[in-house]
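You will see two complexes here that share subunit A, one where it goes with subunit B and one where it goes with subunit C.
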Partner chain A sequence: MNRVKYFQEVMEIEAYVYTAGPIGTRWLQELKNGRLTAAYCAKCGKLFLPPKMFEPETFEEAVELRPIDDVGVVETYAVIHRGFDGEELKEPVAVAFIRFPGVEGGLVHYVKAKELRVGMRVRARWRPVEQRVGSITDIECFEPV
Partner chain B sequence: MTKVAIVGLGWSGFSPEVVDMSFREMMFKAAQRAYEDAGGLDPRRDVDAFISCQEDFWEGISIADEFAPDPIGGAMKSVYTVAGDSLQCVGQAYAMIKSGLFDVVVVESHGKPSDMLTLHDVMSMALDPISLRPLGLANIHALAALEARAYMAKYGVGPQHLAEVVEKAHRAGLRNPRASYAGRLNAGDYELSPVVVDPLREADIAKFVDAAVVVVLASEAAARDLSDTPVWVEGVGWRTETSTLELHDWAFPLHARMAAEDAYRQAKIADPAKEVGFAEVDNRYSFKELQHIEALGLAPRGSAAEMLLEEPSTQAAACPSTSAAARWPRGSPSKSTASPD
Partner chain C sequence: MSRNINFKHRVAVVGAGMTLFRRRLLETPQELAWLAAKQALEEAGLALKDIDCVVIGSAPDAFDGVHMKGEYLADGAGGWHKPVVRVYVGGATGVFTPIAGWWHVASGLCRKALVVAEEKMSHAAKPHPQYVFRYIWDPIVEKPLNPNLIWIFAMEMHRYMYKCGVKKEDIALVSVKNKRNACGHPSAQLCDPNITVDDVLKSEVLVWPVQRLDVSPVSDGAAALVLADEAEARRITDTPVWIKGIGFTLDTTHWTNRDLAYPEYVRRAAEMAYRMAGIDNPRKQIDVAEPYDPFDYKELHHMEGLGLAKKCEAPILTREGVTQRDGDLPINPSGGLLGVGNPIAAAGLMKVAEIFWQLRGEAGARQVKKPVYTGLAQAWGDLMQAGTVIVLGI
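Moving on, here comes the complex of A and B:
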């Protein structure tokens, strides 16, 4: 690289913290406890996931999380074969959008299955308690029911 | 209320890597061309306001808006930045002129992704920090692939349809001097393209280019002074999706449908499939072209793919979006959707 024509700079984009907030903190704590929850909007009576303090349709403030079953349905999925720069992954990785009965929204997460299909019912595989940190990754992946 | 017209357009770059200019010089060159196109307009004298589309992460410069004025002739004048696509800025300029407070407004947008050594990290940082980012997706295109499959599964769209879109766009690009990735592809070439994130192959995903675009908009009186061939803007609309990806419709771009309806209403277009003679749609992914043709009401929902196969070589009729203007062969400059085509 010609050091006069170009010079490299580094922008530390990973050195930030993000405040999970009242709803987010409780949601993550529940994940650590092995429970999947969704936010409840008192105005429209709907559950939505992932939870936010603000319900996007009604602009109502959500203050309550309610437990939901960790069994959902694959609405769509994708299988990652290559990374962003074209490098081949050691093995393909499947990611899906999973919808849960009676809940608006859902979760994007990894799915491990021999054959994936739209409409497949999947259940969360939780990490062992001692490995959970209060993150969406406390669910290791989803698997066929 | 005044009419609004585009009276000048300029560009710079549109190549995979612009090696001899920074984004600031690319802005300057695009602005020079635009002002010449607008009848030799002097930005220091004739322009009332400037809008620049940019985001700090894409620039590699924090508070990058302070870098906006000089390269486009806007120092010490009314300049602001929009962290969004350039078409949004065209909408902003349109509204400013309609308000009667501004006669001539310049919109600038640029992207120089070849400068970004950690582009995937930057894009990943756009994801929700609680529900999505911790997954550490190996390829951000996976999110588009989720949309692709949802759309394809719901409306019976297959890889043969995507192949046709890819082939047509690359071929059309041969007539566009700014289309860096144009070429003659056939179905066999498409199948040889590696699967990146199933159902998307490498050929389904627009590659990046470095580019800058400047658009000059003017009120009716100013437009008639500056140009013999003003392009009148009859309607503008934009809608922003929910920031929670999980709550959006994976199978159909409702935001585009609603934005189109807004624009059509202003332009008094009741039946776009019959009344619109030409459309340029965003096709940064192959399936997006089909989705957007439908969102614009140029084809019934779920039918663009079959219409494309039935009329593969035509540019008009039901799918008038298939001109040399397609994003794919031209590449994606990230912010500069307003194309110089």
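Moving on, here comes the complex of A and C:
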């Protein structure tokens, strides 16, 4: 028995449309081309991820993207056994934080490896060209080198 | 608060910056914040490493579509390994942000503070950013009627017209003035050098008596200020602009419990700021003002709440040309929200930046004719009951 009246509402905008920004857009286009890049700040000489039009520590402008090797190092990882709603996954899925030599920051991505460990070198497995859409998921996952 | 109150430090504005205000900008919210912050730092001749703390202002997370928007914006606002806070009082945020910056510096906690306000309304794309406001209503007595913001503004405008005997023609003059003033502003979204009262009166009726050209637009944009204590300010510039008074108040949450013809929330906030600034006759002592003008009638409403006009007198001053850029009391020389645009928090901070540039004589084509020594900016928001006021002087 309800002792008070309840109201139901859906409190959302129907659809958000986010901008990737000028440099973020180019970064995604490069992924579609199968190239991993990082933002480059000419004034402070830093390569950094995620890409943006300024380097956050020095506050200098970054207008350039430079290609980086799609091989990184696992800084840490986690293994997902249950999904968003608490349901048990058929197979556990590993996600890792991956750093790239000479680049500030890094990427989080899925990793498929039999014996995943911190410090392991991993390489991007790219989706076939026709499946790429200009998204971080154009890289399907990372796997051991 | 007493008139002779002694704060630990006097606080000055030493630099300001802002992006273009547009319906849709290409940059990400962080990048907009950075563009404005970088410009303010450059105007002050400082680098990010010189800044001790950062104050961010932004209105609902639901516009940009990023929860914890303050934290998200921190990188773009220079909040890197520094004390950072985000403040939020709805539409009143833009003026509340430098108020929060002021107490960081006045208290002695920080010597130099970067104050950044940003809004990206275009992200809330479908059906319209206005939908963010569908859930501000009381769920028992209002929400089932499916109200939108303009209903309420229309009722407030009508009440003001009724109580003061104001015609739509008088109110439209504000929109005309501000959209024309905006033509001097390099960031302006809605400059129209040829707009007439007739254009406003012939624009489509949204919710009578509010018509399309009575209302400010939906915008993206960012603005920033650099604040410094007295010793730092004197090192940085020969022309610091001092924050002389600050004030902020909330009125009751409920529309039905307010005087809709007179903004009590502004009067109380203004009195707090005036006490601190030693102002007892604002009409004589304030040389230039940027009251909040998301709707044209609100400029009039707020002038009266600020004591810049007597009750019901603001439309008369407007008709007589007193509030024009070359008038005796220039009001919204920037072009205001009606002309420059309304990226909520950034629009309020734009007003403070305008007073800063006016008092330094750096407003270019927008510089008012008379010499100006003291000015104020004011914003309004939350559930339409927050008033924030800042008085600047040289």
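The criterion applied here is as follows: the second predicted complex is superposed on the first by the 137 of 145 C-alpha atoms of A that agree within 3 Å, B and C clash if a C-alpha of one lies under 4 Å from a C-alpha of the other, contacts with A are read in each partner's own complex, and residues count from 1 in each chain.
FYI, a contact is a pair of C-beta atoms (placed from the backbone, for glycine too) under 8 Å apart; a residue touches a chain by one contact, two chains touch by 3 or more.
Since the structure is predicted, the reported quantities are computational estimates derived from the model, not experimental observations.
By the document's definition of touching, of the two partners only subunit B reaches A:E75; subunit C does not. Contacts of A:Y110 after superposition on the shared chain: subunit B is touched, whereas subunit C is not.
Legend: residue contacts after superposition of the two complexes on their common chain; A:K52 is shown touching both subunit B and subunit C. Contacts of A:G24 after superposition on the shared chain: both subunit B and subunit C are touched.
In the superposed model, A:F7 lies in contact with subunit C only, and not with subunit B.
Touch criterion met: A:A15 reaches subunit C, while subunit B stays clear of it.
With both complexes placed on chain A, subunit A has more residues touched by B than by the other of subunit B and subunit C. Common to the subunit B and subunit C interfaces on subunit A are residues 9, 11, 13-14, 18, 20, 24, 52, 56. By the touch criterion stated above, subunit A contacts subunit C in their complex at residues 7, 9, 11, 13-22, 24, 52-54, 56-59, 61. Chain contact summary for the complex, subunit B toward subunit A: residues 19, 57, 60, 62, 117-123, 125, 128-132, 134-135, 137-143, 145-150, 153, 194-200, 202, 242-247, 250-251.
Those residues of subunit C that touch subunit A in the complex are listed here as 25-28, 30-31, 34, 37-38, 41, 47-48, 62, 65, 75-76, 78, 80, 120, 122-127, 131-132, 135, 139, 143.
Subunit A meets subunit B in the complex at residues 5, 8-9, 11, 13-14, 18, 20, 24, 27-28, 48-50, 52, 56, 75-86, 89, 92-93, 95-97, 104-110, 118, 135-137.
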